[in-house]
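Common to both upcoming complexes is chain A, partnered first by chain B, then by chain C.
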Partner chain A sequence: MSKPSFTERNLQILFPLPAIIFVALLMIFPILYTLFLSFTNWNLTSGNPFTFVGFNSYFRIFTEPRFLNAVARTFAFTFFAVVIEGVLGVAIAVILNRAFFGKSLAKLLLLLPLVATPVAVGIVFNLFYDPTIGLANFVLQSIGLPQGLWVSNAATVIPSLILVDVWQWTPMITLIVLAGLAGLSEEPIEAARVDGASEWQILRLVTLPMVMPVILTAVILRLIDALKTFDIIFAMTGGGPGYASETLNIMGFKYSFEYFRMGQSSVILVVLFCVVFGCSLGIMKLRAASEI
Partner chain B sequence: MQNKKVLSNVLFYVMVVAIALIVLFPFLWMLSSSFKTQVDIISWPPKFFFAPTLQNYQKVFGEQDFLKYFMNSTIIGVFSVGLSLLLGLPAAYTIARFTQTRLAVFILLARLMPGISFLMPWYIVFSRLNLMDSYVALILSHMLIALPIVVWIMSTYFATIPREMEESAMVDGATRQYAFLKIILPLSGPGIITATTLSFIFSWNNFMFSQVLSMEKTKTLPIAVYNFVSYAEVDWGGVMAAAVAIMAPAIVLTMIFQKYVVKGLTMGAVKG
Partner chain C sequence: MRKLLIGFVAALYCLSMGAIAQTKEIRVLLANHPYGDLLKSAIPEFESATGIKVNFESLQEGQLTTKLTTEFATKSSSVDVFMTRPLQEGKMFYKNGWYEPISGYDFADYPKNVMSVASFGPKAYIVPLVTEWQVLYYRKDVFRDAGIKVPTNFTELEAAAKKVNSDSLAGFASRGKGAAAVTQLSSYVYNYGGLYLDKGVAVFNTKAAVDAIRFYGKMLGDYGPKGVTSMSWENIMPLFQAGKVAMWTDASVFYGEIIDPAKTQVAAENVGIANFPAGPKMNSPFIVTSWGMAIAKQSKNKELAMKFLVWATSKELAAKGMASNITMARSSVWEDKAILAKTNPGLVETRAYAAKHGNPLDRPYMSAVGEARDLIGELVIESINTKGTSTNLDKMAKDKVAQVNEMLQDTGEYGK
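Take a look at the complex of A and B:
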């Protein structure tokens, strides 16, 4: 046999090299650049060159109530959205987990919200929520409840946005859990049934524990995306009314591309990055721990 | 006993129909509103029955440069997915064959990290390079959406192909890169369809990158739809027709490739 060529000997470096260079240039370099800018006071509109201010931008942002509210709001939005999506998503998967007429159509319908353009979804829900012509108030009126201002009211804007997120992403949890349920072995379930367990006991004590790793992964994937929710909030409220629906992602966007205060926006982006990165690390630990 | 079974079946189908209606409802409301005149849309109580009109679609496709934005979304989607396959397939192959876990995590980080932490520096660099509102900038940014999806799906897919497939060819004297091109890739059709469909849909739906990096020349559909509502007086019929037009391609793709899309979205969470 002839000696392997240079290409073949170094295949495991050469094959992924272009992708590595691409990701380094477009992801790693920008993140480091953002970190660098967070220690400056650069403002694009002032036209002045930037100076280093150490941790000054951090102090300024961290003492700003607007920022602290955005942090709290980001976590609250994520927590409620993901809990509701998790509970509903698993419940629907359990309901649909049997052979029935129209099952593949039902699965197709569940896919539709996942592939629908989020910005357009947000706009459709804005028509739905419109206080004077929207269907949401018509429904409230029909069942004798007082009408609401939905996304136009600071008190109801976050729940209204969570409802949109729940509509769009619950199906993802359902589909993942359905796939997980389909892959379970029948034996423990049959054994429990032979032993006289009720369907509810089987679900609670056998099926759900077996599918728990899948549920956990689905929920955590959702959690990472929920922390970064941008499109529907930006399209529906732009962070308003006032700052009432401003999450970290929206605030970072405004500081970057509306106020052009790059130094301070970098601080917000670094915080958002750390939050998401921390959660992702946690997941990988969890996944590794659940690996058998 | 018999009655109880019938009752539980009825209850089951009631629940299934209720779930289906909730899922479908925003789509149906969007679709029906897109055929309403402005008068019908702003009437109270909301109208469920009305004389349909095509004027919203005529307006959207006629006056608003909508076809240009449609083309932009298509060009950016096709090139970013194509180039991501070019970079991602070889990487996914070695990740699967040489279990390069760290490399996989490195590329998948692009999927997990918030896009805005790259976007702000891109904005500064692309401005300096005079690449704002260029296809190059848009395609590069959308590649960061498509590449992790390609690598994620294809490394899982390659791992399901037995090693013997290329090893037997290599015993006969073929190089590994030849075996990858001539034996593994031809076997990877289903995986490539999954990766292509999903990454195209995510590129198509992306809003944030295009909102910042594109202006008139390279504007994509989500931005066009968003700009539609930024005017003081919202033309709801036009907006809904635009929303239908932007969602239609992704939904049609999903219907054609349903099996693949489900697999791609649930892959990884369910360990195969």
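Take a look at the complex of A and C:
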């Protein structure tokens, strides 16, 4: 019997190697490089080479009200967007899981926002929200309600952006939960029905707990995405009015490509990375605990 | 058979290498600007006349800066020639050594104040392309119906805005979106007797400057369109074109678009253009070199790049630009009667005034201009939200001045 060749002996390394190289080059290296830059004072506007400043940039940014507000805003945007999307997404999935007339058409219409490009969505919603010539105020005026300033006012900009996010991403939760519902075993539900449980009781005490791991998976995916939301906010407000809709990601972009303070922007992005990582870990633990 | 195949591949390789060696190519980055569009349509003529292939890309101004910065900072750029904004990125690009000094170019046709932002020390780095100045656009029909004259000073401006303002028509508009408003606010600050920077020191907390910011905020807060704090020119122009704004102070560059029948609902004969109104101290609106063209320091085709630069900034193309209402930086096109006969008289008159009395800067001229604009933008928004009455504005201005001075110190530009 001939000796196995080098390739045969190392198949378990060679096969995943391209993927490992890809992840290392395009994901791990940029993260490590950003971490490295966060300890420097690299600032293109000075024209000087960077020097190491240790944790100085971290101390500096954590005392800046603008940064702290951006952190709070990122959490607020994510929390409200994901909660609303979660509740609506599950509710729509439960409705779509039943047979009714026009179900296919309803499904198709609900999924349309998901395939739209976020920047295009942002531009269209900007026209819709325009306080003077926008459709939103026209409708409000037609039915006798007071008009709003939508994304043009610091007080209403975040709720208006959440509305766009909900419009676009609720279908994603619906789609995932619908797949989860379709895969459920009918037996426990039948058993509950035989025992005389009402439809509401079946939904609350049988179906939802069974589909909970799937719901949490959908929520994790949405949570990570919502924390990093960039395109819709950038296209619609650029973080304004003032800094009223500036989330960590938008702030990081501004510090990089408008202020050219690469060291400081790296600090912001490292913080955002930690936030996303921490939240994902937390929800994954929750998901593990909910497995039946 | 195998030998034949190898021979064939070798011949193909030699042929392709020969073709690569013969092709003269340059990479050019243009802005999404009317002059960039004009160049794009004229590039085939340049290619056939010189045999140089021009690979061009066209980007929105902010994205152009981002792309250039990223490519230059990472030393991975293959850009040879690019359009550049001297006041926004000139200092930073120069300090980082991204501009190639331009020698052997005849700059005699450019006014001294225009060249002041295109040169650093004795050397020129940018060829000025387009100039713009601040004007007042107004609705002639609205003024006629209200029986008022075109305002020539701030008092008349406010009186006119008050008279024509209604629920369906904003009496006055100007940019209110923080950083974007800073350029348009500049003429108000100058006319009140203030400045953003004086000899490399931030001074926009002086009484004159703060009074100007208050006036700007009052005008927009009282008579501006709804949601003006999130409006830049791209939001105001459609409102003006839809007939929802009576007066608008902004750069002269938009005149062509607001009288273009394909884009506006307001008839061209009802749109007026006038000199920017005088303030309590003077009338010195900004007149700036908004766009120029430069050669990249790391370009490997500098000779070809120079050929393109000379062609793209030529008097012939400048004349073509003028015919499309693009206000060019060359002096000679503003003195050529044949060209002026085809140029809109409103532009000619307002330019003549601004060229004589204007200020060549419309923003704090410094490397960290992006951040400084955001800080001044905070003052604009505070002033608009309080209709100019904020009791906090003086303190805010003092804080922002301290921050801008700190940035000037960080970049070694303080007091210079």
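Definition applied: the second predicted complex is superposed on the first by the 273 of 292 C-alpha atoms of A that agree within 3 Å, B and C clash if a C-alpha of one lies under 4 Å from a C-alpha of the other, contacts with A are read in each partner's own complex, and residues count from 1 in each chain.
The definition used in the following text is that contacts are C-beta pairs under 8 Å (C-beta built on N, C-alpha and C of every residue); 3 or more make two chains touch, one makes a residue touch a chain.
Small disclaimer: the values here were computed from a predicted structure and weren't measured.
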Handout entry: Clash-or-fit label for the pair chain B, chain C on chain A
Key = clash
Exercise for the section: Could you say whether A:Thr132 touches chain B, chain C, both of them, or neither, answering first, second, both or neither? Expected result: both
Practice task
May I ask you to decide whether A:Phe257 touches chain B, chain C, both, or neither, giving the answer as first, second, both or neither?
Solution key: both
Practice task
Name the contact category of A:Phe15: first (chain B only), second (chain C only), both, or neither.
Solution key: first
Practice task
Would you check which partner chain A:Gly278 touches, where first means chain B only, second means chain C only, and both and neither mean what they say?
Solution key: neither
Practice task
Classify the contacts of A:Phe230 with the two partner chains as first (chain B alone), second (chain C alone), both, or neither.
Solution key: first
Practice task
Using the superposition on chain A described above, determine whether A:Trp150 touches chain B (first), chain C (second), both, or neither.
Solution key: second
Completion exercise
The answer to whether chain B or chain C touches more of chain A is B
Practice task
Could you say whether A:Ile31 touches chain B, chain C, both of them, or neither, answering first, second, both or neither?
Solution key: first
Practice task
Mind working out whether A:Leu221 is in touch with chain B, chain C, both or neither, as first, second, both or neither?
Solution key: first
Exercise for the section: Share the list of chain A residues that count as touching for chain B in one structure and for chain C in the other. Expected result: 44, 132-133, 257
Practice task
Can you check the complex and tell me which residues of chain A touch chain C?
Solution key: 43-47, 130-133, 147, 149-154, 237, 240-242, 254, 257-261
Practice task
Note which residues of chain B are touching chain A in the complex, please.
Solution key: 12-13, 15-16, 19-20, 22-24, 26-27, 29-30, 33, 41-46, 86-88, 90-91, 93-95, 97-98, 100, 103, 105-107, 109-110, 112-125, 140-141, 143-144, 147, 151, 173, 175-177, 201, 204-205, 207-208, 212, 221-222, 225-226, 228-229, 236, 239-240, 242-243, 246-247, 250-251, 253-255, 258, 261-262, 265-266, 268-271
Exercise for the section: Would you mind writing out the residues of chain C in touch with chain A in their complex? Expected result: 62, 65-66, 69-70, 73, 91-92, 95-97, 170, 177-178, 225-231, 235, 238-239, 242, 244, 367-368, 370-371, 374, 377-378, 381, 407, 410-412
Exercise for the section: Under the touch definition given earlier, write down the residues of chain A that touch chain B in their complex. Expected result: 1, 4-5, 7-8, 11-12, 15-16, 18-20, 22-23, 26-27, 29-31, 33-34, 37, 44, 92, 95-96, 100, 102, 104, 106-121, 123-128, 132-135, 138, 141, 167, 171-172, 175-176, 178-180, 183, 213-214, 217-218, 221, 224, 227-228, 230-231, 234-235, 249, 252-253, 256-257, 262, 265-266, 269-270, 272-273, 276-277, 280, 284
